[in-house]
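Several structures are given next for inspection.
Okay, so chain A shows up in both of these, paired with chain B first and chain C after.
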Partner chain A sequence: MKELIVLTFAVPLLMAFLLPTISRVSFTLSKLIAPLVLLALAIMVVCIWNFHTETFVLHIGNFIGPQGIVFYVDRLALLFAFAIFAMTLLMWPWYFEKDESSDTRTRKLSLTLLLVAASAGMSLSGDIFNLYVFYELLAVASYGLIAAGNKKPAGNSYAAAFRYLMISALGSVFALLGIALIYFQTGTLNLAHLSEMKELLNNPAGLIAFVFILLGFGVKAELFPVNSWVPEAYMASSKRVAGLLAGLVSKLAVLVIIKALVLIYPQDEARQLLLFLGIAGVIVGEFSAMKAQDMTRMLSWSSIAQLGLVFIAFSIPGKAGMLAGLAVALHHLISKPAMFLIAERWGGSLQNLKGRAQSSPIMAALLILFALSMVGIPPLPGFWVKFLLLSGLSAQQAWLAIAVVLIMTVVETNYLYRVISSLYSRDEQQSVTSRHRTADTFSALILAGVLIFVSVQVQTVGQALDEIAQDAVDVKSYIDLSLGGGS
Partner chain B sequence: MHQFSSFLFLGGFLFFLSVLTGILPLGDPPMIIGQAIQNHGVSETGAANLVTAVVLGYRGIDTLGELSILFAAATAGGLVLATGKKKTQASADEDAGFIVKTAAELLFPLLVVAGLYIVIHGHLTPGGGFQGGVILAAAFFLPLLAKPSTTMNHNTMSLVEGFSGAAFIGIGLIGLFNHGAFLQPLLSKGVVGELFSAGTLPLLYLAVGLKVGAELAGLLANLNEEDDENV
Partner chain C sequence: MFDIASILFAGATGLLVIGIGGMVLSEHLYRMLLALAIAEAGANLMLVLAGFKWSASAPIITVSVESIPAMVDPVPQAMVLTAIVIGVGVQALALTMIIRIRNAYGTLNMREVKLKMEQEFADMADLPIETRSVPARNDQS
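The block that comes next holds the complex of A and B.
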């Protein structure tokens, strides 16, 4: 049973390869079969979660030892695997533009499936080069999806995709250089094996490798100096793609950085760098979001700021940091895609939003819910998330970081309040209202349901997260399981 | 000014890299995994070409990833290139002259044979699915260059592409269901150095070769067919 977890990336890949052929027979079939497969895989992950409470390791091709590639499947990996399928189903591209040929539509579906396969691989793999390969697949699939976004004004999405490609390609070069540096000094690529030999990397050249990996994987994780592609790309792509990239893809890149940090780089220098870049990201993100004149752009910048919080949280050493980081990341994973869905029909200048709450009261109410949670009003999960983060930071006596988090929360409240108050303000000239699509409202409602469920069951969820975080920082069992013979 | 700062960055980066090479133990890399694979690679996989043992055996899943990256790039390329307007007969370039056309016809079988040879002998000699696949793609693109008005059959291309990719994953899944590990090498390893040796590795390389060939040929044909006025 447990070896079936490999299917989480093999089956979406298989579907992506076969989809062009299937859609030549019938496009409707290919449109329906892919979500069904994703649903089946989500159920399979839940089953594995229930039946295999122990962490286990799979040796791809039965090559045991560090020369083969291992999949390390702990609760964290399973949680992310489930999140990938659930999120992709909620954000599935159901809608196409009228003038698109069925070839173009099939290509979009194929690319989404490739994105799923790459994400699943990234959550499971325990080999740093294998992670890089999946990261590249993720990157190329997302170039395509962004380029397929709205073409109005002409070539808009092409320009955004091209700029994104340039930054991302530079990042990939950096990541590859970092991995090469690591391999050059240790002679291995297996994360557990590297963790055993981490003393070899405790020198300037080893830390440079970490910086390269941080910059490389940081491109998708919206890390501070390499995130200039974010607002433009999210503006140009469809909001479902933007939600998927901001919510899901960024978290997987964060996961890789965290794996490197926990297993290979326990040094203070590495954590301080993460803290510094995280703080810079929060400041830049929140202030830019405040100045933004468009809701999508505002959400993009706010996403950068939230990812900054994630990095600040992960810079706290030990279990406290892992717990706080996971909480911030998962909260963002749930709320940001929903906010992008809400913004789908509310593009353009913020001035145009006046009085929109009358025409779509549900979406306006949902936006209030998510905004309150983002700011951190109890009893919503956002409060507990910020509480974990701040208590972790105060244990480290990182007063500067605490001050930044608190001040930036005020800024965040300011711009979210501005949007909501204009939604509910009275509008003299009734503007043309375009209603939200049913699937968008449905997905946003489900995400809001998850948010409310978490705030009701906060103790249970907190305990589960605590156990996951405990497992995730257990380096010794990672090494023993990955390098031990058999599974 | 912009160019100046670019040069400054480039210079600084080069200096940084040269300092880096100063710290590194160049010429004396630690051979941990490398040595292990050198010692056991041939006996564990049965492939005479150690590179193939790594590419399809030890790191087979990476190769599947690379294959998917190529597929993703071709798909994204197709998405960007699809303007909805195909070249008409009139707007296509003129056919090439007698010499180029005859040479293309003569070269076609030679290229197909060379490509297939390199693919099929991937586990014995340098080369393999990726290299052979590119030669195959060139063979099928050559007639298009000689006569730009002809079109490629995209149905066949996507069929070959889809099913060779599926075959790679299928072989992996057979290993998963029968022996408990994805992409486990199956069949007998045979005698090292013979054509029928190394178990399923040559089959995997054949799938890679066909997929790479079909994909590149399809992408080149797409570039050729779309009306470039509107791109």
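The block that comes next holds the complex of A and C.
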């Protein structure tokens, strides 16, 4: 049963390269088989979750100890693996343009599968260099998906993809440098082994390595100084891709940073830096979102702001920070893709949104639900998320961060309210309305269902999340399991 | 008298500085790509140096197992090999994008490309062209 976890990234990777061949035979077959594979893998992850209540480690090829390739499977990794498959299924590119050849369509499917494989690898890997390799794979898949464009590839999608590629490649150079610095000082890249030797990195050179890794992996996590690609890339790509990148891919990059923070860098300096960059991200993101004049750009900036909140939350030490960070991250993972799906047909200027609620009442209602949750209105999960964040921060007496979070919530309320009020305003000259596609509505409804389920079962979900956070900060068991005989 | 290790370290740092500086400062897309290649070479050299021992031999066992001399750590070299392969792939991808951008916009100047891209976004969103100097319109409600 344990070995099956390897399939979570092996199968999508294999499928990604088999799809072009399969679609030679029949495109319909390749269109059907890929989602089915994802569904099967999602079910498999749930089974593993149920059978193995304890964390386990998989040593590939039975190379025990720091030399071999290690996959560390705890609740957190399994949760993310499940989120990857479920979210990709919801955001699957079901629709194609009429004039697209089946080759182009297959390429889109292949790239999405590649994204899934790399994401799954990132959530499980217990070795910095493996993380780097999966991260690059993820990056290449996302360049391709952005270059595929909104309706069809055009100058803007190539330009956005190229600019994204440049920032991301610069980030990779930094990440590689950070890895070199860490290897230079410790002679290992296994996370558990590094965690044992973290004293060796408690010096300026070690911290510089952390900064490099933060900048490198921060590109995809929409971290403050390296996020200028975000609005362009989301404007140029289809909203399903934008939702995947904002919701899922960013969280996996966050996961890498958090692993480094918890296992290798428990110093205050590292947390302070994360807090500072998080605050900057929130401020820049929220104000730019307020200034944005079209829906997609507004959502992109608000996504940057939300990830700033994630970083602020993870800068709180100990279990409280892990719990708050996970809550903020998962809430964003659910709500942002849904908002992008809603924006699919409302992507244009905010001025054009007037009176759109009449033509699509369901989507308008869903947008209100997600907006209320983002702001943090009590029964919805967004409230508990902000509550965890603020109570964690107040325990740390980080008053500046609290002030920023609260003030920026007001800004957030302002721009979300503006959108919703214009949706419901009466407008004489009704512009041409295009209905939302069924799959978009369906996916958004499912995500809203998850949100409502969480707000009803908040006690149970909170408890489960608490246990996951407890496991995730348990550094000792991480070291013992990874370097031991592999239980 | 400098030893060869510090010269190589200085070289790697220099390549990194040239590469990153070039990526940030150049206006031309192709030059940015070349700068990226230089920066990657610097990072790779740094990674090789991280595990290199000058007095040691190549990590291949040619004599009996008992009398193995000190060997160079092969792990960074394996990693650099991976990093080089990834780098080449990404550069090839970037080059195809440069060709497509050139075909679509007829220019490779970053500033012009960005301007045309923003123009296309504005058309898509049905907005007037957004320029940095113009303040955001404030007609709500």
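The rule we apply is simple: the second predicted complex is superposed on the first by the 482 of 487 C-alpha atoms of A that agree within 3 Å, B and C clash if a C-alpha of one lies under 4 Å from a C-alpha of the other, contacts with A are read in each partner's own complex, and residues count from 1 in each chain.
Just so it is clear, a contact is a pair of C-beta atoms (placed from the backbone, for glycine too) under 8 Å apart; a residue touches a chain by one contact, two chains touch by 3 or more.
Here the structure is a predicted model, which is why all the values come from computation and not from measurement.
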(message) Touch test for A:A147: chain B only (first), chain C only (second), both, or neither?
(response) both
(request) Have a look at where A:F184 lands relative to chain B and chain C in the superposition and call it first, second, both or neither. (result) both
(request) Could you tell me if A:P66 is touching chain B, chain C, both of them or neither one (first, second, both, neither)? (result) first
(message) So in the superposed three-chain picture, is A:E136 touching just chain B, just chain C, both, or none of them (first/second/both/neither)?
(response) both
(request) Please work out whether A:Y158 is in contact with chain B alone, chain C alone, both, or neither, and reply first, second, both or neither. (result) both
(request) Determine, under the contact definition given at the top, whether A:L194 touches first (chain B), second (chain C), both, or neither. (result) neither
(request) Mind working out whether A:L481 is in touch with chain B, chain C, both or neither, as first, second, both or neither? (result) neither
(message) Just checking: does A:G121 make contact with chain B only, chain C only, both, or neither of them? Give me first, second, both or neither.
(response) first
(request) With the two complexes superposed on chain A, say which partner A:V454 touches: chain B (first), chain C (second), both, or neither. (result) neither
(request) Using the superposition on A, tell me which residues of chain A are in contact with chain B and, in the other complex, with chain C. (result) 129, 133, 136, 140, 143-144, 147, 158, 181, 184, 187, 189
(message) Touching residues of chain A toward chain B in the complex: what are they?
(response) 3-4, 6, 10, 13-14, 16-21, 24, 58-63, 65-69, 99, 101, 103-104, 107-108, 110-111, 114, 117-118, 121, 129-130, 133-134, 136-137, 140-141, 143-144, 147-148, 158, 181, 184-190, 193, 203-205, 208
(message) For a test of understanding, state which residues of chain A touch chain C in their complex under the given definition.
(response) 129, 132-133, 136, 139-140, 143-144, 147, 150, 153-156, 158-163, 165-166, 169-170, 172-173, 176-177, 179-181, 183-184, 187, 189, 232, 235-236, 291, 293-294, 296-297, 347-349, 352, 418, 421-422, 425
(request) Would you pull the chain C residues touching chain A in the complex into a rising list? (result) 16, 19-20, 23, 29, 32, 36, 39-40, 42-44, 46-47, 49-51, 73, 75-76, 79, 82-83, 86, 89-90, 93-94, 97-98, 100-101, 104-105, 113-114, 116-117, 120-121, 124-127, 130, 136-137, 140-141
(message) Could you list, by residue number, the parts of chain B that touch chain A in their complex?
(response) 20, 23-25, 29-34, 36-37, 44, 57-62, 64-66, 68-69, 71-73, 75-76, 78-80, 82, 84, 155, 158-159, 161-163, 165-166, 169-170, 172-173, 175-176, 179-185
